[in-house]
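Please find one structure pasted underneath; my questions will follow.
Chains: A, B and C, in written order; residue numbering restarts at 1 for each.
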């Protein structure tokens, strides 16, 4: 399968510098692409490879166009242009439809005839599945759940009862949506389960990565708004709300009842305390512990990051724990100096 | 379904201030509850909503009773009272029993006739399953495992061989119990598996959250005592022991052979080194790295938490790494001042 | 089943001090082992138990041999010797082979007759499965994947399409290999999926722990080299490469396009930024945030670790955030002192 460059860029806001008719048969990284491949330059740390690329064409920004030794597709958003062109080379999803004979379907379900339900799925009662939705093998879907048009669940996904998912969303393998929130009341030393009566609402165009879990709400629902992107192994506690188009990297943990705004970008392995709120357009760098609400857009971070040699780290640790001693020494210096100065003046 | 308030509080140690006969048809949060709902006030940050609540009744502590504008259920433990009342409004678990015809059951199993085993489960040999236990769809249970009375496994749970679980415990979807502990011996650069000969013992009334994993012991068993509550995506290494009624929030990692005491509360995304012990009644705040044993009850924390604007964070990082320089400057000041003082006195 | 000590050590480079013919029927920890058991001393913090052990034999290093009250198996690598001896007491894996009648196998697969495929597996098209490979129950394997000789997948493992795994590797339950990498391009506020066209290559003798996820590459493949050992709940982003014999403890997160060298040891709950590289023979202590490339072998760490009482932690936090103030005070002292000295000298 190959395409002419002009075919690939149809409908995209780009300028071609070079041969618009060159034929493209695949994609490659800027270092590894060969003749016939298209590549991209979207991260300046790979700029050094531009001059020596063997690709037939490079998608890049205006600032790199004049140094491009081959045909250039110049765009203000080369990453987006690459995403659209790469779709031509992605394996086509098979046009499955119908219900595999081994899938077990409860009573009262409404399953669109264009939807596909894979082998060994177990679907509860009164479940609704929209047009062209794809449910991979071995999924478990609880009673009264609803899955919108063209949404895809990969293999081995669990939805508990009453979960709603919008259109064109995609849940990777191992995802668990709607397990009980972590709510326990202590009475005389023992913990008693607090019934989790809410559910989970997931919007349109949401992506959820492998083995991520989103708990059902305690009273109201946990809510994931349209366009949210969640990476792998993320934990979303009960009653959390994640705003539209917010993107969260892997291994992040968000404790219960916390609200994250729209268009936020959260770095991996971050951690949010419960019952706080983060406004729109906040960026959090990786491994940050957010313990209080954030009220202004901006970039936020916490802690000491950056690995240093362990012997230096241990010294830093020790110095840190002796800060009080240093403060006292400065205090002593200040009063001695003051005394000395006064004596001199008297 | 609705209940009179007096019916709902039967057997609970509460005082009703207002109309004990008001009818309650559901629960709501203090902000969202409507007429006919019962709500609760257990976290002081929600106190500001009390005066404007539209709920028909509020469960709260003595300190809030006089400001309650509607019927109040006053208790010394309003969270527990709420947990008990909310049970009336939780969906009733279907009274399943029997073995689904698609479940595959090994030889020599003892399965109580009142237990339920869901579709596409694969149960090994000589497995014991107690009365009223519920095994959700698509679970895998290894040879010689034992599941106690009224314990529930949700969909897609794995128990390896020889795992024991007590009564009334609850494992959420995606949980993996008894995979091999992470034990490897290095010989000439290559890592060789150390056989993991122990198993996992889980007590009564234990809750385990979605996608949490608990490894089998290397020699002795990994042990989770009665009443322990584990949130989602927690990692428990081999040979670990978690004491009675300890509660651990999501994404916590506990390395091998570490022992946690009874009645501890561990904040989310915390991390415990291996081969250490933590005594009873310890509280660990979120994202703490516990690297040494803790011998006294109390609240413990580590690191620098609290997200600050990134430019401030970068300055802090730099200041931290220049602490040695600051210490040297203070030293120099001290000796200069000493010299000056001595000269003056001479 | 019991063995004479001389039988157990056959082929191992050890010296026996004591009775080479004593009969061994099992293993135990140094504290709990009984008569007839063999135990080991590989961690000096357990040395205090040596004198009182009830084991019949102890595997230990030369430095502990003279204090051993019972038969000693002396080795320069007692951990490895234990690993080999413990294999005699591990439950024998059943010699399964063949395809369970409930497994669903796609067209064009090549499955060695000595391989085993468990119940309710769903295998795609053109999948190759090598001799003596074992696929546990309820696994999902995508089209064109390849699994090498004697590799074992435990229950409920997902491989997406086109994944390659070498020989003698072992994937624990809940593992997900080859889900889409986390790649999205932002266009006018919305995130658009970047097709993930690469795959995942996993070498020989690789171990992967429960619920770990490894994403497929964006363009090239994500690569896990021979002999790598990954613990539970680890996240490996797209395009990552992990070098031979590197071992990574649980809950570690490695962001996309990062390259880790050979023979590294990574502590648990660590976090790596994307697009960096770590050279061979690097050790990273637990909960470290690696934000820049590491170019020299050695031990590296970050942050402030070690839990302290919370009131001390809060003071430390406050002192840390007032460091700038301290620096200013030292500056003021320096200039005052300079002035004083100069005045004196004038």
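A few comments on the model shown:
As a convention for this text, contacts are C-beta pairs under 8 Å (C-beta built on N, C-alpha and C of every residue); 3 or more make two chains touch, one makes a residue touch a chain.
Note that the coordinates shown come from a computational prediction; the quantities given were computed from them, not determined experimentally.
Superposing chain A on chain B by their CA atoms means rotating through 120 degrees, a value rounded to the nearest 5. At the interface between chain A and chain C, two copies of one sequence, fewer than half of the residue numbers in use are shared by both copies.
Per-chain Cα centroids separate chain A from chain C by 24 Å.
Multi-chain contact residues of chain C (touching two or more other chains) are listed as 120, 138, 156, 174, 211, 233, 251, 303-306, 308, 316, 320, 323, 326, 330, 333, 337, 340, 344.
Every residue of chain A that touches chain C in the complex is listed here, in rising order: 27-29, 32, 43, 45, 77, 79-80, 82-84, 86-87, 89-91, 102, 118-120, 136-138, 154-156, 170, 172-174, 205, 207, 209-211, 227, 229, 231-233, 245, 247, 249-251, 263, 268-269, 286-287, 303-311, 313-314, 316-317, 320-321, 323-324, 326-327, 330, 333-334, 337, 340-341, 344.
On the chain C side of its complex with chain A, the touching residues are 104, 120, 122, 138, 140, 156, 158, 160-161, 174, 176, 179-180, 182-187, 189-195, 197, 211, 213, 215, 219-220, 233, 235, 237, 251, 253, 255, 271, 273, 275, 283-285, 288-292, 294, 298-306, 308, 315-316, 319-320, 323, 326, 329-330, 333, 336-337, 340, 343-344.
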